[in-house]
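Since the structure comes first, as structure tokens, the remarks are kept for the end.
In this document, chain identifiers A, B, C and D correspond to the written order of the chains, with residue numbering beginning at 1 in each.
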Amino acid sequence: MDILHSIFVAPFIDMGAYPDFLLQVIWEGFVAGVLYSLIALGFVLIYKASGVFNFAQGIMVVFAALVLVSLHEMGMPAWVAVLVSVVVMGLLAIGVERFVLRKLVNQHDAILLMATIGLTLVLKGSGQLIFGGEPKPMITRELGLPTGASDWEVFGGVVIFQHIDIAATVVALLMVLALAVFFSKTRIGRALRAVADDHQAALSVGISLHQIWAIVWFAAGIVALVTGIMWGARSEVSFALEIIALKALAVLILGGFTSIPGAIVGGLVIGIGEKLFEVYWGALFGSGVEAWFAYVLALIFLLFRPQGLFGERIIERV
Amino acid sequence: MNHARRWSDQLSEELGSGASAELLSVDNVSLSFGGVKAIADISFDILKGEVRAIIGPNGAGKTSMLNVINGFYHPQEGIITFRGKQRRRMKPYQAAASGIARTFQNVALFKGMSTLDNIMSGRSLKMHCGFLWQVVHIGPARSEEIRHRRRVEEIIDFLEIAHIRKQPVGKLPYGLQKRVELGRAMAMEPELLLLDEPMAGMNLEEKEDMSRFIIDLNSEFGTTIALIEHDMGVVMDLADRVVVLDYGRKIADGTPAEVQANQDVIDAYLGVAH
Amino acid sequence: MLYREAGQFKTSYAADQALLPILQDRIGLSLILLVAFVGIPLLATDFFIGSVMIPFLVFSLAAIGLNILTGYAGQLSLGTGAFMGVGAYACYKLTTYFPDINIILLILFSGVFSAAAGVLFGLPSLRIKGLYLAITTLAAQFFLEWCFIRIAWLYNYNDSGAIEVPTRKLLDIAITGASATPVVRYLVIISVVTLMALVAANVLRGRIGRSWMMIRDMDIAAELMGIRPLRAKLSAFAFSSYYCGVAGALMVFMWIGSAEVESFDINHSFLVLFMVIIGGMGSLLGCFLGAAFIWVLPIIIRAVPQLIGLDLLAATTEHLTNIIIGVLIIFFLIVEPHGLARLWQLGKEKLRTWPFPYASN
Amino acid sequence: MTNRTFTALAAALVVASCWIPVAQAQDSLYIPSLTYRTGPFSGGGTPFADGYADYLNMLNERDGGINGVKIIVEECETAYNSQKGVECYEATKDKGALAYSPLSTGITLALVPKAPIDKIPVFSMGYGLSAAAAGEKFPWTFVYPASYWSQMSSILKYIDANDGIRGKKIGFIYLDAAYGLEPIPLLDQLSESMGFTVAKFPVGVKEMQNQSSQWLNVRKESPDWMIMWGWGAMNPTAIREAAKIRFPLDRFIGNWWAGSHNDLKGVGEAGKGYLAANFSGLGQEYPALQDVLAHVVDKGLSKVSAREDVGNVLYNRGLFNAVVLAEAVRIAQDRTGKKVISGADMREGLENIDLSEERLSELGLPGFTGELKGSCADHEGGGSIFIQQWNGSDWEKVTDLIAPMSDIVRPMLEEAAEAYVSDKPDWQSQTCS
């Protein structure tokens, strides 16, 4: 009985008793969710256009941020460093397309996934070789990102909003908007959608698949850079981020592999869900449940709705 | 599983094994995918020992029909009776166990395995040796493997594919792949063999070979065959009876000659507006 | 010229279905076994046995486990590390409760627990395929990792949260613990690995192995031919996890001597996956080649600059190893998805027809 | 390159690797350095390894080694990974290794049982198994100058000295691994005797940079003080999160692995007030460090990335590790009369270490650390620590040395050592008179 009480009653009493704290928990979860969404967004972009499940997206986040920080360390002004980092991600995209994707056209998706795991190792090794392996602080101030916090006094308590978190949310929003505009208004964007729908059809309209792939990888690289800046500003730029980035995979299960809204909603569900679970229920299990919550949620979800929140039901054909 | 099969064997014997006995009957079967009707209220039967053709234009629901028969799709309505046993929902492996084998429109061979292993895989249901024997691979496990190997070699001889016995099937030419697939289905020693476009994409010579195998299979081994085929010449030569589908409905059923003369069939193939 | 099967006619199906139908292969394997069981224990240095051969064999066994699941049954798994952990912790608990039962038996039995864990986390495989399944195995990885640290019972409530291998003896010779010599530990491991590799080879060439490959190559066709997908997939999960579990127990009891949760983290899952990819998916030989390659490569990369008098930073060689393995994975996936095992086979084909390369087929 | 030549080459390399000259050091002192300049904890591993190597190299450059015998320092990269650590151990032990300092609890735990067999001492300076402080049970392992448990007791003493601990709530945030779990038994024990409550906040190794829920829980529990057992990227993230929830940083104390320059460099101003334990001196103003600068760094023989990194907390920690080893070598040479010593001699040297204030001054490190005197029974030596505070740009020492509560800690250490040995019938102990 006690157990039932502490699972089904006590946490909710807790929530009701300190609504300001509940709001704070939700806000923290929301911010974490936004960052998960951003990583998932990179996955979705690439998966949609090339059918490649890009395991390296997480390491791309670290790599991009590391390039940026290191360039600045070498004495480059912050904004120049950003531009150069963008160029580096562009070169990476071209390289990946030229030396990996092009050679693996029409391969089984598990093979493509494993190739991106190989890419992960290459980026990890070369990133550490060139820039060193120790964690580096993000150049928050130099990039003009806000610091400090604002208080919102509510329900007899206070909710603290970090300005960097607000900025991260806004940037993520702008990013999604930009991608939406890019997909619907530009010629390349429409071509991308054509590729996503039907590779053959896209070819017949005269679009080069190679270009498209390079472009989506570039776009995913920029998403990675932005994610890296935001996450780096919250903690540090280090290779330990790579494992956290794996949570984006769970996000994808919830959201579906091809849906941008799915990536966002999935990210928020996991972000907010894991914080609520850890804070209100975690102690029951001895804490640290965040490490697996996202994956187990995804697993349970898969059993009931394998196509994700926004995916279409898959009909198998013989 | 064993017990069930023996029971159904008995049943079919009670029903009589003459050429006129009904092996399978499809009664008022309907199937739809999210509102799209693939099969609408279709009934027909297959007699023991005959070659039954299912024809119709693209998208008529032929492959869906085969998928229903061997349990891959579950029809929303209707009943299937196989060897006197009625069923509505059945798993594909249960269908296989009850004696239905098939080949596929786009060759569905096990690409990573050799010809020999592919055909051996058809014997899966007939091998029962336990895990522990398999682990040591002596005694029963070994003799079972060899016994089935002997049977498989007969099929390989029959299909004249001895020279590609140990080659991985992925690299074989298309015609040979189709032949291996037939061999794999034969290895199951089925009561009913479903062939989905066994001659698609073949040249004349290959078609002749394949026809010969099908005829021999039917007459020598007494296997009942249901096939989907686009080549009308082949259908008219091979089939005892033909059922014609169009837009998921049955529009004709009868001997090749009857069907050929049917006005609805001519309209469907020539594309007259409905 | 030497590697030729001409004249070796098989007169029975049994001979044709033998594990190694070609005489030269049988001789070769016998030689390798002779070297492994007699030559190495007699001649090699402790470092070579303890830090090259033992890890190589442990990882080979884990790679066999993963290869059964991924290479033969087609189910991609990223949870190898955790399944190895289940075996290790199970063995630790078993030897705590039954200190008098021979540790080798306990190691072999501890795999049963990881097999059970494998089945549990393999259950979703009925409804989930490919990449999705890979993500559920991540759930297994992270959940089990959490269990290894949160359930203090698993490590006997040690203050350090780590397990330490007690000394266990066989015929008065220590085979686990710090006082067990590398040679003794090596002999135990190579016996276990040889035995289990033989078992795997037998299972894989029989009905059960064939059913896994059928599911891998074309699950729908397999089902239509009477294979029950659930049974085939779960048996693959169980069999594979059993191997991983035994490998995990061997790793802790026969090699490192102690373990904390980090010894079974996701990096180990990846490490074993790399071995399988580079060695060759769907090949037992590949498991050994891949394990040897991945384990020995860093040792070589460390040693070569020293040999030629270069002073590379220890960290640099580490990064270089990462880059080289990464590049090789991509290279193999592009050029030869069946990995080193396939290269080996191609080499043999060439030898077979040498000096008339166009003579066959 | 054809397949066969490739295979042949690979085979040749493998064979070659078995024959790498395993030169038994005849005329030198071989001291391996298990480093981690890569991986998630490289931020801490790198400066430590630099200080360690630089001091020993300085002895070579300045004095031509120790008593005329040259020191060979060989690094082996472990990436904080136990398997690689054991491999490094196996690869170097036959070269005449004198002692191992793995700088990782996991690797230490793997090496502790091997030490008596191979007769090479393990010197886990302020980490690893706390119980190893009991020299009778662990003849081959040393945790100078303090065990985790002693450190925890000193930190609690500091809290008690700053407006009392009775009735207070202490939050303990720790890395959820062997390292972070170590001090918990002592914390639980002392909470009863000292009358405070404990709230625990584990941080998963994979979640080091994602701590917002732990700190939400801190806000919920609102402890009076926070103590952290963190390492690597966990530390700056925790300090940032603490600042975010407005936890008073001058009531947030890190252990000696959670208070380096690397941890606070990025946090900067935001980390002002944060406290940490330490046992090694700050800055480069010691004569010995000046020698390091002059003889090693300025000659380009060091791997430090910048001259000003010399003197950082972890650099000095690594340097101190080397100082103790070098001193142990000297003592071993004196006691045995041999110039070239073995691991067993080294053990004797370590056990008889005596770094008094005068000796530290002689070594060019006046006041660098508390007095360190080992004995057969006491492998912890001093046990005292001091507390330092981050002023926004640098660390400042804010207390004198705080001695541990030996009366409580010592019996617990003995008990834990007893428990460790109890299920190991063949364990090698020693009796001290």
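Some points to look at:
By definition in this document, a contact is a pair of C-beta atoms (placed from the backbone, for glycine too) under 8 Å apart; a residue touches a chain by one contact, two chains touch by 3 or more.
On a predicted model such as this, the values are computed, not experimentally measured, just so you know.
Common neighbours of chain A and chain B under the contact definition above: C. Across B-C and A-C, the chain pair carrying more C-beta contacts is A-C.
Here the spacing of chain B and chain C, counted between their Cα centres, is 40 Å. Mean C-alpha position of chain A lies 33 Å from that of chain C. For the pair chain B and chain D, the distance between C-alpha centroids works out to 72 Å. We define each chain's centre as the mean of its Cα atoms; on that basis chain C and chain D are separated by 35 Å. Under the contact definition stated at the top, the residues of chain D that touch 2 or more other chains are 37-38, 42, 176, 204, 206. Residues of chain A found to touch two or more other chains are 128, 133, 243, 288, 291, 318.
The set of chain B residues touching two or more other chains comprises 72, 104, 108. Within the complex formed with chain D, the residues of chain A that make contact are 18, 21, 24-25, 28, 31-32, 128, 132-138, 147, 149, 160, 162, 231, 234-236, 238-241, 243-244, 274-275, 278-279, 282-283, 287-288, 290-291. On the chain D side of its complex with chain A, the touching residues are 37-40, 42-43, 46, 176, 200-204, 206-214, 216-217, 219-220, 232-233, 236-237, 240, 244-246, 262, 265-268, 270, 305.
For chain D in complex with chain C, the touching residues are 3-4, 7, 13-14, 16-18, 20, 22, 35, 37-38, 42, 75-77, 79-83, 86-87, 90-91, 94, 105-106, 109-110, 113-114, 116-117, 129-131, 176-178, 181-182, 184-185, 204-206, 303, 416, 420, 423-426. In the complex of the two chains, the chain C residues touching chain B come out as 12-14, 17, 199, 202-203, 205-208, 210-211, 213-214, 216-218, 220-229, 282.
Considering their complex, residues 76, 124, 127-128, 130-132, 134-136, 138-139, 141-143, 145-146, 149-150, 220, 266, 270, 273-274, 277, 315-316, 318-330, 333-334, 337 of chain C touch chain A.
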